[in-house]
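Next, two complexes with chain A in common: one pairs it with chain B, the other with chain C.
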Partner chain A sequence: MALKVIQPGLLTTIQDLGRPGYFHLGIPIGGAMDRMAMRAANMLVGNDEAAAGLEAVFMGPELEFSSDATVAVTGAEIPILLDGEEQPGWTGFPVKAGQILKFGFLKAGARAYIAVSGGIDTPPALGSRSTYAIGALGGIEGRAIASGDELPVGASGRVEAGATISEKLRRMSSSPTELRVLPGLYWHRITETAQAGFFDDEWKVAPEADRMGYRFRGGKPLDFVEREAPFGAGSDPSNIVDGCYPYGSIQVPGGTEPIVLHRDAVSGGGYFMIGTVISADMDLIGQLQPHMPVKFVEVSMEQALKARSDRSKVLQGMRESLG
Partner chain B sequence: MKTRYSFGGDEHIFVEVDEEMSLDAFFKSLSITGAVADLNINGVTEICPANASFQIKFDPDVISPDDMLNELKKLESAAESSEKRIATRIVEIPVFYNDPWTHETLMRFRERHQDPDGTDLDYAARINGFDSAEGFIEAHHSNPWFVSMVGFVSGLPFLYQLVERERQLQVPKYLRPRTDTPKLTVGYGGCFSCIYSVRGAGGYQMFGITPMPIYDPEQKVSYLKDFMVFFKPGDIVKWKPIDRAEYDRILEQVEAGTYEPKTAKVDFDLEAFNADIDGTNRKLMEALNGA
Partner chain C sequence: MTKQIRSPLPGTFYRKPAPDQPNFVEDNAGVKAGEVIGLVEVMKSFHEVKAEEDGNNVRFLADNEAPIMAGAVLAEMD
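Let's look at the complex of A and B:
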């Protein structure tokens, strides 16, 4: 069984739940930007939640199936067309050998997840099939899929099509999207006025938004607390002695445009960070398009953990609803 | 040195051992991260040592953030008294300084540089008080370097020169980062040298290029067959200046699978180093040259 790539879309990559354990060497965890959507797509086609599928950003690919399969598309809202006939999102649907799956224009969100019964079966690299393009690792030759690629699909038992995830379990982002942030790291490096301004201002997603990180603009520049530059840090007030970056951490080079690091994060560098987007809201970032408005909302660790546990309950709810 | 702990969201603890760079801070960070690894704490998913700081990623569903923090604080006091000595290796890395490829790239991004009319090497030489780029290049390769962090992208080493602070070379990063850097560029920012393991964006000044791959996801390079990343924190590096002919020769050897980096096993003791820097470096070089 294989998927033949007729058109790859804008940037479609093979992703799973990532490769933990190599961040100390600069190799990030990677994997689906919107983890919950990837898990859901896999559940709907009877796969292990950690199976590999496709992550398509802004535009869907065009794929031809060599054998029968069950397919589900989750995440972004995008018309799903099987031989021209529209299929429901967040629902497993049957595909016959020779049929062609393609997509219409994106309506909402940014990334669609395509799972196929059996899962994409390219060779794992460091324990994961996720594509880390910067390091040419995983996926197909470490790159996005291209026209003419044949994507191998693993064996699967008979999967009943028709499973669906109810709308109340799907996450809809509000406008502006609220991203909850635990302040910390080098938060003390900016003035109290700048701290308040960061949370008061409305930011917009900048065009530089990808798997490594999302840049934001539109808020006021952050003023720094005066200091004498520590040895080895560099002279700019936003410089630190190169250190590690947490996933979700918010660095602000020069104090102007915040960058939130995502699944393909650089593991470290010389820019100070003012806090970290909490784990429960990382998926939301993966569904943001450029120019969309965003508010950063300050939370405590207690609230962050509560939000995390709420997300786990939603995931558990999905599993239970599919029996 | 004052250790500062901070949570990076609900999944990370960031620990700044010191605000400024020093080998003492590095060794303390290495000692604590080593102890975390030895303890095999349930819920710890990533242990990342850095130059003068480190980071632990954990699963808060398995270990609570406060418990994780307390575990680290317990290890800090033990690290104070632990020996600052490691068994490591010294590796000779050939560098073609002032090469045509980084030169082409730095000219392309001149408007992002502090000195749009010069080159990165000329600028670095001038602000560090050298009369010429040649003098600066000599200072760059005449004493060995210590890999104090691996990261940014795949297997990229940050290196700190094994000399006293007065002799450290310092340069700022580009005013605005470049969108391109040739693969295997030898770069410089702050007090750190680096080798860009892959082609891509970068903000460090560019001085030269090495023909020796240090990251190979396909693991075809002879000395990267066991693992795709060459460097680890604690490695010691000696740059060896080479010319175009030698660069081409090494490239051919790498292609043919016959290139082996010149390497020797050494012990590095921070106290001995601090007591006699030139003597320690001489011994390191004797070990390398005897290899």
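Let's look at the complex of A and C:
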């Protein structure tokens, strides 16, 4: 069984839930930008939640199936066309050998997840099939899929099509999207006025936002508290002595444009981080298109842990609804 | 009949290849299928938007450097 790539889309990559455990060596955690959507797509086609599928950003690929399969598309709202006939999102549907899956114009969200019964079966690299393109790791030859590729698909038992995840379990993003933030180690480096401004201002996704980081612009520049630069730190007030960058951390080079580090981020460097977007909201970032408005909302550790637990309950709800 | 040219991608729309160059296509000009009518910048790269069919009297609805969403109608033509 294989998936033949007729058109790759903009930048469609093989992703699973990532390769944790190597970030201290500079190899990012990788994996789907919207992990809940990736898990859901896998559940709908009877796969392990950690199986590999495709992450298509902004534009869908065009794929031909060499054998029968069950397929599900989750995440972004995008018309799903099987031999020209529209299929429902967040639902397993049957595909016959020789049929062609393609997509219309994106309607909402940014990334669609395509799961195929059996899962994509490229060789794992460091325990994951996720593509880390700038490190040429995972996926197919360490790169995004390209026209002519034949993506191997694993063996699968018979999977009943028709399983669906109800709308109330899918996450709806508001506008502006609210991203909850826990202020961090370097929060004291900006003035109280700048601290308040960061949360009061409306920010917009910059077009350069990608799997490494999401950049935002449009808010007021942050003013720094005066200091004498410590030995080893750069001269800009946003520089620190090199430190570790957590997933979700928000760095603001020069105090102007916040960047939230995402799945393919670097693991350390010399920019201060004002805080961290909580894990419960990282999937939301993966569904943001350029120019969309965002507000950062301050939360406490207690609220962050509660939000994480609430997301786990939604995931559990999906599993239970599919029995 | 009015035909539309839509952007497959969200991002920033540019009507010219570089700031000091002329527009790919001037207002009210004609285009051939496959002709580049502009660029969309997203994720640190620029992607060409091409006319999918021949047309006359192109009228741009999106300005140079305008933010656009996926599926946005960039221009209409006859």
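In the analysis below, the second predicted complex is superposed on the first by the 323 of 323 C-alpha atoms of A that agree within 3 Å, B and C clash if a C-alpha of one lies under 4 Å from a C-alpha of the other, contacts with A are read in each partner's own complex, and residues count from 1 in each chain.
The rule is short, and it goes like this: contacts are C-beta pairs under 8 Å (C-beta built on N, C-alpha and C of every residue); 3 or more make two chains touch, one makes a residue touch a chain.
It should be emphasised that the depicted structure is a prediction, and the values quoted were computed from it without experimental measurement.
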item: First (chain B), second (chain C), both or neither touched by A:Cys244; value: first
item: First (chain B), second (chain C), both or neither touched by A:Gln289; value: second
item: Of chain B and chain C, the chain that contacts the larger number of chain A residues; value: B
item: Which superposed partner A:Leu185 touches (first chain B, second chain C, both, neither); value: first
item: Which of chain B and chain C A:Arg171 touches, first, second, both or neither; value: neither
item: Partner chain(s) touched by A:Val277 [first = chain B, second = chain C, both, neither]; value: first
item: Contacts of A:Ala233 with chain B and chain C, given as first, second, both or neither; value: first
item: Overlap of chain C and chain B interfaces on chain A (superposed complexes); value: none
item: Partner chain C, residues of chain A touching it in the complex; value: 10-11, 57-59, 105-107, 110, 207-210, 289-291
item: For the chain C and chain A complex, residues of the former touching the latter; value: 6, 8-12, 41-44, 47, 67-71
item: Of all residues in chain A, those that touch chain B in their complex; value: 20-21, 23-27, 125, 132, 134-137, 142, 182, 184-185, 187, 230-236, 239-249, 266-270, 273, 275-280, 301, 304-305, 308, 312
item: Residues of chain B defined as touching chain A within the complex; value: 6-12, 14, 16, 18-22, 45-55, 57, 60-61, 65, 149-156, 158, 160, 165, 170, 172-173, 189-192, 197-198, 200, 203, 215, 217, 229, 232
